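Both complexes below contain chain A, partnered by chain B and then by chain C.
The block that comes next holds the complex of A and B.
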């Protein structure tokens, strides 16, 4: 049971990040390789506001999310917008450049030592025999709330229908008067806000460290690719699946003699699993097909 | 003089692996973002064999076989996956392989690295090693220029430009990709063989993300697919990279500043070559 709860916690973080990115990929067709650093910046700004400036937590979280939105907007205008219409693969490289710049800035501004947004001992409760902190329960609930809001917006509002139309067939959507460029900007900024919430999640649950940026990006994209690129719910399900695999790999005695796989291999095993899965199903778990006349 | 010898070695050492990767990424437009994964496997294969047997020939052979095997997996993935998915998955493989190298402490000594890598008696001084590496680099440039004009060079360009048309005239994607990835495996093994003897220590920190970024920066700055352009970019950017050590900046800032400077260079290079990095498909 503890493993399932651990997977739920790790999966909620991944789902929060992968969900927004999946929409970005679906509408723009680009990968943002600076995502991990955007996640960290959201967390670090919240840490700075809460711990250094001693601003109340809720306001600090809003500050972190606002900074995430601004950073995402800047990223879109400078590193994505001038390139993705020329070739959708160009932002893959420009955002790699941005990831390096942000990595350098994080190291200069916040240094390499781990930073936690909430300091001191956390209150824990026992649910079905598993130990979980109240902060973790709040984070899982918040992720579910965000995902439900996304589901409502996507499936029950006018803007959601426009987003789905652009994801399904951009040219057809534009011919019906949907202003794709504005929609692209809005979705990119939303993904930045979700990413900064991911960073805040890490800062509250664990510690923020500059080395986390790159693995976060790769795991989020592994979920998107495995889920079927551009498929919002596929990415969410695969984010939870990857987290579950990571927990099961080290939590169940898989080696002969009842031995466990060392925790250090946790991430490698999950990534190899995704790679092997993609070899047999390159289109991902929930392949979305383009409708044509 | 020692600094000149050092620069000569570093530049020459980048050339075989980077020019080979340029064939894959620059010429073939294949998003192989896991060159460091091949480097890790090849380097550890060489050093572990060398430390346990003392045979340089066997160590090189083991390193080469390891590099060829992992390159075959990459080549297979390059045929199976969409280009951008390949980019992410090859990066994922890099992380996964690095993670194994760091955690398999009984074999690799983990984060401590493997010190005391022996040298061939011929390479008693750094000068001899650097000059030999420079000769190898020049030979590799000639080989790359030959390859560029060969049937293989034309076929990989054709596949990059329009895969369907290339396939319709009988060009096999899997064959061409395998050759390209195997050339990289050979180039990387040569680099690993020499660099391990130069450094005399194998450390996992040498295979982190910034090393891969340096590949991409040099290839984009020098013009993707161009042998001489990329060679010139390697020379200039290596001098800049190594020269940063002499700037009057605090020690703790050198690493982050290097990241920022090379990030900006990479961005400017893509901006400058935004129409030629991934050219539009020609059509009638």
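The block that comes next holds the complex of A and C.
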């Protein structure tokens, strides 16, 4: 039970980040390699507002998310928009450059010592024999709330229908009068907001340090590739799935004789599962029939 | 034609970089003496890397203000090795072959020092680490020195401490880095020797922050003490926090990397009562080290991890400069002088090198987090 909760905590974090990314990848077809750094910036700004400026937590979180939106907007206009129409792999290079710049900025501005948004020990409660802190429950609930509201927008509003149309066939959507460039910008910015929520999540649940960026990016991509291109729910489910596998690998004895797989292989085993899976179903767990690679 | 011009331009740039006539080692040279620095300036371990470089910079500034070494000023060239061996090798090669440094200060992570040592050894250049503690460095080479006590001694000190408390069942999580594996081996050996038992001994990928499932397993195990064997304070802090969140009250002991002034602030009561076996702290009220701490804080603000690390780096540079003052910048001559260099009085203790280039005279201290501050509980003399 504790393991499932552990997976929920880790998975919620991954799902927040992967959800926005899957929309970006699905509609724009571009890779944003600076995603992990955007995550960190959201967390660090919230830390700065809450701890340094002593602004109440909720407002700090809004500030962090707002900054995430601005950063994503800036990224889109400078590093993505001028390039992605020429070739969708160009932003791969420009955003790698951006990730390096942001990595450096984080080190210069926030220094390398670890930072925590909520300081001190959390109040733990026991549910079904598993121990979980109230903050973590709040984080999981918040993640699900955010994802559900995204789902609502995606499935029940006209903007959502337009987004899905652009995912399915950008040219056809354009010919029907959907202004996909505007939508692209909107989607990119909302992925930035989701990313900053991810950073705030890390800052509250663990602590922020400048090197987290790249591993976060890699995990989010693993989830969206496993989930199938442009499939919002696929990415989210796979984010939780990868987290669950990672927790099970170290949490239950999988080797004969009741031995545990050494913890150092935690991430490799999870990614190995994904690779094996993709061999049998290369379109991803929830393939969309209208895939165009 | 255009292509040719580009190539020509490139060639000119290249030659201006490397084609400088290498300053022949003349005694009357007035060129600055170059000290290369290798350390983690970015990455997870950057907290103590930046303390080390800042400490080294203060030493260099002081000597330059005093007129340098025989009228020659000193310059320091810093290279970032990000706590990895591969980057440390490139850094050492660049410093030796391109910058033509006279001596190298570094690396800071044990993995850096171990990787850079053969390069310096081959070039017959002295390499002096400020904070590397892996037992393997003892035999890393003739030109390899350090001012930090070897983890071989830490194993013994920890085993003594566990013995005195009656702890026999020891649990440990280690990061997969040279430093942590050194500690892991030493602890496993000393525990076996003193009749104890490692009831939980896991190795994780460097930088892991999620220890919840490992801690869930640990919860079902009967153990006396948990040893945090992390490469940095951010990962070690995560271990402590997630263990306490699961309600385990067992004693926690950490090594040098947990000796971090920011942890008490970031983790708050999670760190309360956690013990750290490390080198002593250095505060602004210390009679010997006080002025250095004040100077450091004035210039660079509070230390990222520990002023003691900065002070060690500062003193390691002072020792190098002291030796260069006596015998010049020739590598083998410096090496011989360092081996014969006994009882150098410093703000961190008396520095003497044994026949392996390991330091004698830097003690350990057992500290405890109390109200978010690290308080020294006990001084443990070595040797």
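Note that the second predicted complex is superposed on the first by the 288 of 293 C-alpha atoms of A that agree within 3 Å, B and C clash if a C-alpha of one lies under 4 Å from a C-alpha of the other, contacts with A are read in each partner's own complex, and residues count from 1 in each chain.
The working rule: a contact is a pair of C-beta atoms (placed from the backbone, for glycine too) under 8 Å apart; a residue touches a chain by one contact, two chains touch by 3 or more.
Since we're looking at a predicted model, the values are computed, not measured.
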item	value
Clash or fit (per the criteria above) of chain B with chain C on chain A	clash
First, second, both or neither for A:254, with chain B first and chain C second	neither
First, second, both or neither for A:133, with chain B first and chain C second	second
Touched partner set for A:262, first chain B, second chain C, both or neither	both
Partner chain in contact with A:159 - chain B first, chain C second, else both or neither	neither
First, second, both or neither for A:9, with chain B first and chain C second	second
Partner chain(s) touched by A:107 [first = chain B, second = chain C, both, neither]	both
Contacts of A:206 with chain B and chain C, given as first, second, both or neither	second
Partner chain in contact with A:145 - chain B first, chain C second, else both or neither	neither
Which superposed partner A:215 touches (first chain B, second chain C, both, neither)	both
Common interface positions of chain A, toward chain B and toward chain C	103-104, 107, 215, 262, 264, 267
Chain C partner contacts - residues on chain A that touch it in the complex	2-3, 6, 9-10, 103-104, 107, 111-116, 119-122, 124, 131, 133, 202, 206-207, 209-212, 215, 246-248, 250-251, 260, 262-264, 266-267
Touching residues on chain C, where the partner in the complex is chain A	42-44, 46-47, 49-50, 173, 176, 202-205, 207-210, 212-214, 216-217, 219, 232-234, 237-238, 241, 244-247, 260, 262-263, 265-270, 304-305
Interfacial residue positions of chain B with respect to chain A in the complex	31, 76-77, 80-85, 87-89, 91-93, 95-97, 99-100, 102-103, 209-210, 213, 216, 220, 253, 255-260, 262-264, 266-267, 270-271, 274-275, 277-278, 280
Chain A to chain B touching residues, read off their complex	31, 79, 82-83, 86-90, 92-94, 96-101, 103-105, 107-108, 214-215, 218, 221-222, 225, 229, 262, 264-265, 267-268, 271-272, 274-275, 278-279, 282
